[in-house]
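Structures are listed in the sections that come next.
Heads up, the next two complexes both have subunit A, just with different partners, subunit B and then subunit C.
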Partner chain A sequence: MTAKTARVNDDLIRALRAVVGDRVSTSAVVREQHGKDESYHPPHPPDAVVFATTTREISDVVKICAGRGVPVVPFGAGTSLEGHVAALKGGVCIDLARMNAILSVNAGDMDVTVQAGVTRKQLNEHLRDMGLFFPIDPGADASLGGMAATRASGTNAVRYGTMRDNVLALTVVLADGRVIRTSRRARKSSAGYDLTRLFVGSEGTLGVIAELTLRLYGIPEAISAAVCPFPDLKSAVETVILTIQSGVPVARIELLDEVQMDAINRYSKFDYPLQPTLFFEFHGSERGVVEQVETVKGIAADCGAGDFRWATKPEDRNRLWQARHDSYYACLALRPGAKALATDVCVPISRLAECILETRRDIDQTGLLAPILGHVGDGNFHVVVVMDMNDATEVARCKAFNERLVMRALAMDGTCTGEHGIGYGKIDFLTVEHGDAVSVMRAIKMALDPQNIMNPGKIVRV
Partner chain B sequence: MTETLKPKDAAQVLEAVKWAAGEGTPLEILGRGSKRGFGRAVEPGLGLDLSGLSGIGRYEPNELFMTAFAATPMAEIEAALRQNNQQMAFEPADLGPLFGGDEDRGSIGGAIACNLAGPRRVKVGAARDHFLGFSAVSGRGEVFKSGGTVVKNVTGFDLSKLLAGSFGTLAVMTEVTFKVLPAPEKTRTVLVLGLPDAAAAMTMARALGSAHEVSSAAHLPKAAAGRSQVSYVAGAGRAVTAIRVEGPGPSVEHRCRALKELLKGKGEIEELHSENSQALWREIRDATLLGSANGDPGGRQVWRLSVPPMAGPGAAEALARDLAGEALYDWGGGLVWLAIAARPDAGHEKVRAAVAAAGGHATLVRAADEVRARVPVFEPQAARLGQLTARIKQAFDPKGVLNPGRMYEGV
Partner chain C sequence: MTAKTARVNDDLIRALRAVVGDRVSTSAVVREQHGKDESYHPPHPPDAVVFATTTREISDVVKICAGRGVPVVPFGAGTSLEGHVAALKGGVCIDLARMNAILSVNAGDMDVTVQAGVTRKQLNEHLRDMGLFFPIDPGADASLGGMAATRASGTNAVRYGTMRDNVLALTVVLADGRVIRTSRRARKSSAGYDLTRLFVGSEGTLGVIAELTLRLYGIPEAISAAVCPFPDLKSAVETVILTIQSGVPVARIELLDEVQMDAINRYSKFDYPLQPTLFFEFHGSERGVVEQVETVKGIAADCGAGDFRWATKPEDRNRLWQARHDSYYACLALRPGAKALATDVCVPISRLAECILETRRDIDQTGLLAPILGHVGDGNFHVVVVMDMNDATEVARCKAFNERLVMRALAMDGTCTGEHGIGYGKIDFLTVEHGDAVSVMRAIKMALDPQNIMNPGKIVRV
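So, the complex of A and B:
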């Protein structure tokens, strides 16, 4: 076989077979699938793919790779957006999709332990009958292991936080193949350094997450969702800012500009007005929701909002949020054959209007097809820049736009990435944003993975 | 008394740490020194007194964050927030009195380094969860910053989370940024009287699991309740289970009514209004109801147990009987403060065995220096975790000059 690293050879494959039997593949198709995510980044296939089913298997595979200095790339659902799963140096990809067992639900203490390959939708289907749910919802049906590894968030972050706030404990296979459990079940169990949170967001560069214990929530007594159009972007964003500043515990507050509304109207067969729009969802007791709605309606009216259109039936709400979650695909469908660069800046809420409006001017001046949307309640928004990958000048223009956007956000004390992560696509931005912290991160990486075999080339270059 | 360096700014902190690393001289990092008794007794060396790095930096109430120098007194921060009807939602405990010092002497850096939290922990988390970013000097003698002023970011390893709760063993924070939020307009506390501990745990779970947005739930057995300054609590003459609701006025009243309805039949029910509520939750937060407050050196030793809430009472009651102690429960039963008659080994083997069986861990919060030098203060780590901890310490502080041994021997 021809591999990117000479260390991947038939002998290695034989050793892997001894652990996982025929669940190892070197076929071109399988490798190709595992070398790319859902973004515009070019694929970098691994040399081999292993489909693990137990923690023990992961540990054995990592030990084999560590013994030979072969890179290991964990793979969840492959929905990340910054080249996270690209096997830049080849090696063995460990696909966790078959580790999809829900191990134990603890309704009393409101937690659940799952294998890393369980997806967020699978978990919520399992929990529904128990009146419980897990709130973190990236648009794609990502794996919980991948979500922890990228410290993902979603539309519920304002009220429920991100993966950072909802992972209680992890079972991790370290770079030498040893297995650790980061903390005991007790909720507040952070004896010693917060290792759980060190692995949350480490993008597979410090170890493979095999199992997770997650925090659960009761399905709220009352849920109410609404769609509300605004005369312009500014008034929509002002409504968001005032809502957050007033401390109303909204569950979801999403902004979609008129270009994005057009895209989802077409893709999800809606007939909403082509205006900047906010999607809201309120959670709480019957009474609490009524109060939240009153407050927010007041704020929106003062900002010049149109009428709230309510989605009260569960199926209407589901359709609404599915459409929101599909918005990335709706953007891609605006231009068949194109790919998208999804930007991800996040700024302090007080600077949000300024940042979005300047960005919008930039889009208009540059003449890009680039809808704006986002989980604006925490200052995070995306521009889905749709581009033709065969047109090098267009790609360059889109990338230059993203660079300007990142610099704009940094100048406003913001960050280049609110939720998608660094992968290798944003490695240089990380240096601009946090140059001196990168050397600390590198020291941590070297301490935990001295051979640099865990997903090499991501977050920090060694 | 150890000698102390007193830097005036971050540059001097850098100089001090570089020098210490060069000489291999251990530094004891002091914010304002109110929690010196927390953690293992540090190996002797020089003190690094940060009290010169004080003052609120950036604070615009509508930005919902504050930046302050590390040793800014909590009292100063709380006063500034109060003026704007805001608060640190994580309600950090003031452990000064528990360690025999005065109230209000802690610093923000210390609160974050010890990852303090208060009764609202069950709803909003601890210091770590509200800590957005910092500037610091690592034990390598390098200045670095992480995080910032936004509420979410995924820029690489979460260094803020690592520093929070690291007790000054990884880096010296010089400036910190943390979330601030509007203070609730109104606070009410529903009291259920006379519940045994196990029944109280069930009641608290019921309340916390309800739709009424309970922000805290604590249980004071009879002795602890009797020490409260709040007359309704002290005068109850029995155990008191306290459930807190906060928010806009009408909503709080409504939720209070609903809670009383929900808990009807469990025990006699009372209600505290805002002022009494504040006083009670402060007593619970600062663990001052344990009966050996205010610098009583011959006083009892205090453990803090983290347990799954339903397992708490069983473990705590057995330990209290065995070690001549008493317990107080916060976080719906997930946190147990256990005060025991002082003994040379602080009963650590029994405490740790009971807590391990319950699936939790224990920290020896208050005991004499010699006891804390002998007895593991923090839950001993399994071998692999211990090695990982040591590697992280090594990455930040290869010469081992920052608070060496404060958390674990040799770390």
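So, the complex of A and C:
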């Protein structure tokens, strides 16, 4: 243990064991696993890892840490991308994976209450027989607590919204160990400050999300997915913009450029044309889906699209979306041993074509291996910049590219992160984006976590 | 001026005049107008009223007040219902009605930026020719700043959400006069704490909302409205619950009991049957609306509904919804000279029938003149308790009824206010509803407004 974490000592470990028994570990392997996410950011292992099973245990662990001024870092599935779980100041990581109970499904109200470690796939498997589903889908099989903490979204957000829109209430352990519930199960409320939305996206810096009540949706009567190639990026993006502006309630509309299509073909054994491509999904009644498809096919044809290739059988649809979700790994597989810097800007839809085309020119000029893909219906797209971490010059070039991309998006009234969050990777961009508003965030942080023990060094520096 | 407002003196008025010229008033009439809303709560006039025209002026006025520790109370259209604008500790009211500029419409992005004093009707008149509309509709022609401040919703919320879901960004003047923008125009973002949602619903207690960027929607291709009577309250509410659970994207579904229908018939010159009644509106494509109507008519018939009476012409629809919106005044007209206590609970939809039927029994047993109506698709309903303010016993009986109703809703995992807000009228209910979470709200309030000058005495006591 380093000097900075001197307060993590045998006495603390004894206190933790008194709460969770042998579910505390200081082994190097376990600590290493918990100090890193899926990004290129360097690992920062915590000094100890606790595997919590109840809200009460989280509360007791936080009280022990608070009494000693020791940092607390919550850990879900470890699939974040901006160093969210890095224990920058050491301390105790609370692993929530064993808090994986689905506590209650209220089918009549279309809501569910879960422990924070339940993953989205686990939840949807549980719900399937009830004809219900939870739509938010960031690709990775993330924990729902982690998804709330990072305000995740993903492919379905264009129709169903993000975690912001689909969390009804949270049970949160505060920085002093007190437990609050942020809201009731009613669908709307004007009762005081919106604490639910404050904790959604707070990345563990204001408290630990222990339980969530989520909105559910009926599985649509009809679902239809299609893949459609375009002659160039511009015509694909134009199709997206016109589709959104037409008001068609498309469930998914995803862009993949030709480099990304190549990566997916190789990784997922597809044979799609190497062209900029849109993946669509339509949800609705049988008639409603037909109507949506007609409208979108008309728009796409006007923009010069190729043929729609349909995936109607569930197994074909699942294979298609699995391939889309594996795109990050498909990019990494293009260059074995490399890491990826996944960018995440989001701009108003009217600026999307301009932003993507300028970015593509930048990639070409800079000479990067950097497929483009994204949830373009929201104006959100990613560039997966594949880089050799051992080549400092290349890493610097990739980071400079990301910075140019962020500045481009901000100049278009966009954001530096549509869905990945700030972590510590984007902490400086947050200030560029929000200006004086960051001081308001800092004031809130200091009010709710005066010792700065909750995931310190993330979102705002104190 | 009373002792409590001694800091409002000639020096302050001179300072205000230096900023806004003659747009500051200390006349008794103007102060009286600004100390009350549409509720039964007694008036508390401010010591001075400033009519602001720019964000800069608001900032300068707040700085002047902050330097002297003088309270600041924002005032929109004065249509709130829980004493939100009452100057409980005196101070300066900032009237925003002259900040009525529509600053920019981005049709391609379906958003608009307005000054806080623009009203919803003004905005929709401006948008109509562009084929766009803003759906949130609390009945009164409230200001959009006030609607954001109280997290308003109304008849369309079941489909389009509340102000929470439809504000993209706010320009806010903080308690020290600094001006921040809470977000960019991008449709989603994970960049730090959700300040937009924190200020939506903050009722002027954390800052003054000066400008808003709002989501817009395309005017639907087809709109159809209908009125349908039911043999009893239970069958009407069952129809609502089954409609929501079926996933039909109904745009409006409003319940009015037979007492309310009588009030509306008298006030708006209709001849609807004196039965519990649902008002529906359907939005979509021509085919989509037909499909929705078929489903809902089937559900209603199974529940024993009478015939649907259709309003398809725009003028008929407008007359219908105007009557619905005038229901509060229609109730007041039942008993000239009386005031109304408008309750506002919201419960999970599965508990709605139980909550409404128990409430109706309570009304009958207590012997109140108290029509029931509401945005039942959200689980939100109002009882307009008409009372003689000069009869202290009656007022006490009405307040006790409201308290029983709130406790009933809370016991069903509901909220004391679906859309009216806390103001000072529900400040004690907030604590019952949120428990320890109120201490988090108080910590935020004290962090952002350490002098407690922003609309003091509302939401949380400091």
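Structure notes:
In this section, the second predicted complex is superposed on the first by the 456 of 462 C-alpha atoms of A that agree within 3 Å, B and C clash if a C-alpha of one lies under 4 Å from a C-alpha of the other, contacts with A are read in each partner's own complex, and residues count from 1 in each chain.
One rule holds for everything that comes next: a contact is a pair of C-beta atoms (placed from the backbone, for glycine too) under 8 Å apart; a residue touches a chain by one contact, two chains touch by 3 or more.
Keep in mind that this is a model prediction, so the values were computed, not measured.
Following the overlay on subunit A, a clash is recorded for the pair subunit B and subunit C.
In the superposed pair of complexes, A:153 makes contact with subunit B and with subunit C alike.
Shared-chain residue A:17: touches no atom of subunit B or subunit C.
Legend: residue contacts after superposition of the two complexes on their common chain; A:380 is shown touching both subunit B and subunit C.
After overlaying the two complexes on the shared chain, residue contacts for A:335 are found with neither subunit B nor subunit C. In the superposition on chain A, A:414 makes contact with both subunit B and subunit C. On subunit A, the surface patch touched by subunit B in one complex and by subunit C in the other comprises residues 108-110, 150-151, 153, 157, 161-162, 164-165, 174, 178-180, 182, 184-195, 197-198, 200-202, 206, 218, 245-247, 285, 287-288, 291, 346-350, 378-380, 413-422, 430, 433-434, 436-438, 440-441, 443-444, 446-448, 459-460.
Residues 60, 62-65, 115, 117, 121, 125-126, 128-129, 138, 140, 142-146, 148-159, 161-162, 164-166, 170, 181-182, 205, 209, 211-213, 248, 250-251, 254-255, 258, 306-310, 331, 334-335, 358-361, 363, 378-379, 381-382, 384-385, 388-389, 391-392, 394-396, 407-408 of subunit B touch subunit A in their complex.
Subunit C contributes residues 106, 108-111, 150-153, 157, 161-162, 164-165, 174, 178-195, 197-198, 200-202, 206, 217-218, 241, 245-247, 285, 287-288, 291, 344, 346-350, 378-380, 409-410, 413-422, 426, 429-430, 433-441, 443-448, 459-460 to its touches with subunit A in the complex. Within the complex, the subunit A residues that touch subunit B are 108-110, 150-151, 153, 157, 161-162, 164-165, 174, 178-180, 182, 184-195, 197-198, 200-202, 206, 218, 220-222, 244-247, 249, 284-288, 291, 346-350, 378-380, 413-422, 430, 433-434, 436-441, 443-444, 446-448, 459-460.
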